[in-house]
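We call the chains A, B, C, D, E and F, going by the order they appear; numbering starts again at 1 in every chain.
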Amino acid sequence: MLSIEEHELHTRCLIKYLMFVNGKFCKDPKMATANDFSFSGLNIPRNTGNRVGSNVTLLNVDQIPGLNTLGISLARIDYAPNGGLNPPHTHPRATEILVVVEGTLYVGFVTSNPENRFISKVLYPGDVFVFPFGLIHFQLNIAKTPAVVFAGLSSQNPGTITIANAVFGSDPLINPDVLAKAFHLDIKIVNYLQKLFGGNSE
Amino acid sequence: MLSIEEHELHTRCLIKYLMFVNGKFCKDPKMATANDFSFSGLNIPRNTGNRVGSNVTLLNVDQIPGLNTLGISLARIDYAPNGGLNPPHTHPRATEILVVVEGTLYVGFVTSNPENRFISKVLYPGDVFVFPFGLIHFQLNIAKTPAVVFAGLSSQNPGTITIANAVFGSDPLINPDVLAKAFHLDIKIVNYLQKLFGGNSE
Amino acid sequence: MLSIEEHELHTRCLIKYLMFVNGKFCKDPKMATANDFSFSGLNIPRNTGNRVGSNVTLLNVDQIPGLNTLGISLARIDYAPNGGLNPPHTHPRATEILVVVEGTLYVGFVTSNPENRFISKVLYPGDVFVFPFGLIHFQLNIAKTPAVVFAGLSSQNPGTITIANAVFGSDPLINPDVLAKAFHLDIKIVNYLQKLFGGNSE
Amino acid sequence: MLSIEEHELHTRCLIKYLMFVNGKFCKDPKMATANDFSFSGLNIPRNTGNRVGSNVTLLNVDQIPGLNTLGISLARIDYAPNGGLNPPHTHPRATEILVVVEGTLYVGFVTSNPENRFISKVLYPGDVFVFPFGLIHFQLNIAKTPAVVFAGLSSQNPGTITIANAVFGSDPLINPDVLAKAFHLDIKIVNYLQKLFGGNSE
Amino acid sequence: MLSIEEHELHTRCLIKYLMFVNGKFCKDPKMATANDFSFSGLNIPRNTGNRVGSNVTLLNVDQIPGLNTLGISLARIDYAPNGGLNPPHTHPRATEILVVVEGTLYVGFVTSNPENRFISKVLYPGDVFVFPFGLIHFQLNIAKTPAVVFAGLSSQNPGTITIANAVFGSDPLINPDVLAKAFHLDIKIVNYLQKLFGGNSE
Amino acid sequence: MLSIEEHELHTRCLIKYLMFVNGKFCKDPKMATANDFSFSGLNIPRNTGNRVGSNVTLLNVDQIPGLNTLGISLARIDYAPNGGLNPPHTHPRATEILVVVEGTLYVGFVTSNPENRFISKVLYPGDVFVFPFGLIHFQLNIAKTPAVVFAGLSSQNPGTITIANAVFGSDPLINPDVLAKAFHLDIKIVNYLQKLFGGNSE
């Protein structure tokens, strides 16, 4: 049988899940308040003082429990001036549509094999762009001022796979020979990249 | 057989539809450009000089053809100072999540029968709120300055049913006896409302 | 941790939910009987002695647990003679198809913005009509005898939003200024309607 | 290129299909009338003078074009007195829920391997029964009077596979050795059954 | 309240179910191992020494818990030489696509009413065939050597309904009069078949 | 209006698409043959004499038109001895389940942010492994003999994004500064990789 802690963990997962399942509340009165459907503070600029110079604040079903089964979430993304980059990534369960609030962004996505077409554009405030379901995409701040966007994603839990981190920084690390061959890189470069991206496994 | 015009109409519907269907392009080269996935001008304040004092700019699959089958759309909503109202409405095919860019909004939604619970909150810049699939909701500007939000909707064609317009302003009008009985209103008031909201049928 | 009562509540929700999830029974022997898939008494005329003169008996997953995840439910609707009305409402999660068993009904639905087209018809015994997903619709008995229909709905829990009740009778009430502005009604009429429809919150 | 006839055929398929796809009309004015959402004559008893003594009148998207993409259909089924049988069949794309309008029916369905549990019940007027998605089910009139039901099905095109006809009466016929082995029947009986059920292939 | 045993049963169902629901782990560390996503031994020929001369090894969510919510499963099917038969059956929740690894198979499916078209082919090693969602299909080994296929199915829990077993071997048995009438068989033959296929109910 | 060629192109897309849409044939007789549901030659070893030493033969809706809307496809993958690699890739619209027919494979996938857990295993003949929807995964032949697998994918058009090709070999190329920053690589290495992988754009 499960321990108390395991049981409580699973029960909490369960309660959250059942809230809206099939469009039915399980009628837990604590669930049905405005707080389950709201979140505050998305007006506050995020710290972009990291290696890539960007910061994603995603509000999914973990932050807003009322989103469960409703198929949508929302994000704010901040970009540092002069090259702040939301690096190439995919959302395994969502399309993304963003609107630029301020700044100038070079954005794009790549279609699947065999074409691998790169569809890109420079965006200014008020511009909107769509990144289709599951495709690799990125945004780069090409101006001297910060940039900010809001984005809708078509899942209550879209997930994010940052390509560099998943490939070179997984836990545990992927056998470097695989990556050297796949990316046509010298094994020493792979080792170097794995040390760099694999920090969270040390 | 169809006339040329009808045929062309349907062919255009078809082409747009087939673009991404099953995740497959029909490889019409004109489709696969950045323009099919973008839109400009959402930074420009909209005119709120109408009766309710609000203006919704929805970018769905008609404005951004690349959204087709991707299950998401995006809107900007402007509210006039001192009572600009996005009046009670539903989206028959979408949940909505919005973030307040500026202003102070009193927002809420009503759950279905028999509870008809009204879940509401006052929102400030940076606040986020969710309006679940198909439920009646509204937003009211309660400050002396304009308000603006961006909203994600979980469909490429969410649809909007403004309750007052659909009920009192349909084309043709609903038999006024139905509405008098349903809303417990004097028939003269129904006649007055139908004249008011039914303008587009004259 | 949850109290015993809360735990039992959630466990019961859970069991019902898991019954057919992914097409898999959790093999609770009590579930797999004919009673989980049946209901009796839909031949008995319902009492229509209420303000609107109609009575909806909906058999959804709460009445027939075996419906869970199966995407359908069934209703009987009775209408009083001379104006029995199933007032304007939406099903946030279902299309409805009905067949008239007896009586003469004036029925219709309104399409979404901006057309708000009203599609209506007078129905006689044996006539069938479809109310598409999420649209506002109603049925009115226009004969001197009672009317009865059976209706299929495309969800095991379609939900019903009676417009007048959700708008004027929510719990708590919507700020009357919102409704006065949205429906172009004098505030006194809104107050009157809220007193009328909001009875269940007193 | 397609002949005129082929082209027209496909165009008609297309138009019907596109009507509601993604919840979007292609705005063919002929489509948006009440006739696209209605059907008449389901009150008229059907002829049950056939071998099995039953008659199914299914209103799917072919009879009611407005049903397209809406996920529901409706049927009337008539049963002859003293053994009228809607023989064992499946709906490959739908769950069915029926209500008995008149008569006494012995109904049931069989769950999948390995249990093959037979869940059955005798139904009287006003009784409701659910036949879950894809399972084999039947209804038998066990009274001396005719029986009638109305049924909702969770697809605009549920499909029907009558087991005996699909197995013994396909076009062309299945190799009789397959059926003899599968059903443990003498080859002569298979030949006899194939002659009986395969009439439509001659 | 539930007994300990019932509780544990439901909790285990729950845990398995919640693993990937909405693409979200409930972060039970025991779940996230390679063993939850793998299975061994599908290279070993299965025993086909049974009445029909075939053996299906289906790996669904019960064998590979990581499949939950992922919508796919995999099977190995072995056929005895000289007539090993995977008898007519349906998968109520899946399409099947198979590839012949060795042997010669006569395969086919029957479309739904009213056409009941039988689409068949003789397959050799390396041949692939599709059995569409919910249709009756079978495979017969027509060579003097064993045959083996691998098959993908489009559900983590496709289900299987073997027609002969569900019709003649259900538990409890279907009233033989129903089957005699449906299949146009003498009641004695039905009784014989029910004795044969209904073994598991004795 | 469209040119003849464009029209024919779109009509062909249309015909293929409509074949099974909503489970409905448009009754084009040419469609309903066994050839629309089959494919031959998957027993023939593929040439693995390329840079990575692997070869994927995917049978999706383009090779087997009858798969349309049925949600599944099938692949054979060949791996060269001593390091044949199916390099890191995702399927934007599918989960994959494979069975090893011959050889020894080191396989794995990486979960999404922030964990980026690498789940891996060495597989032998008869071993089965699941690569969940949208996650990065690969297979490496670690033996001195060729390897072969069959794989089912949960979409009729799963799509494949080979990470190295989409990132470094898109058409046109992604701005190398983006990739240098994202992957922490010297710009010269990026230039070198883009020359290597971008061959198809020259």
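Following the convention adopted for this analysis, a contact is a pair of C-beta atoms (placed from the backbone, for glycine too) under 8 Å apart; a residue touches a chain by one contact, two chains touch by 3 or more.
Chain identities (UniProt): A, B, C, D, E, F = Germin-like protein.
Nothing here was measured: the structure is a model prediction, and the numbers come from that model.
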Fraction-based call for chain C against chain B, same above half, different below: same
Centroid comparison with chain B (C-alpha atoms), farthest chain: E
Rounded Å distance, chain B centre to chain F centre (Cα mean): 39
Whole-Å separation of chain centres (CA-atom averages), chain A against chain B: 27
Sites on chain E at which at least two other chains make contact: 14, 23, 92-93, 108, 117, 120, 133, 159
Chain A to chain B touching residues, read off their complex: 20, 23, 32-34, 37-44, 59, 64, 66-67, 70-74, 76, 94-97, 99-101, 108, 111, 117, 119-121, 123-133, 150-154
Residues on chain B engaged by chain C in the complex (per definition of touch): 51-52, 83, 85, 87-88, 90, 92-93, 106, 108, 110, 112-118, 120, 133-136, 138, 140, 159-175, 177-179, 181-185, 189, 193, 196-197, 200
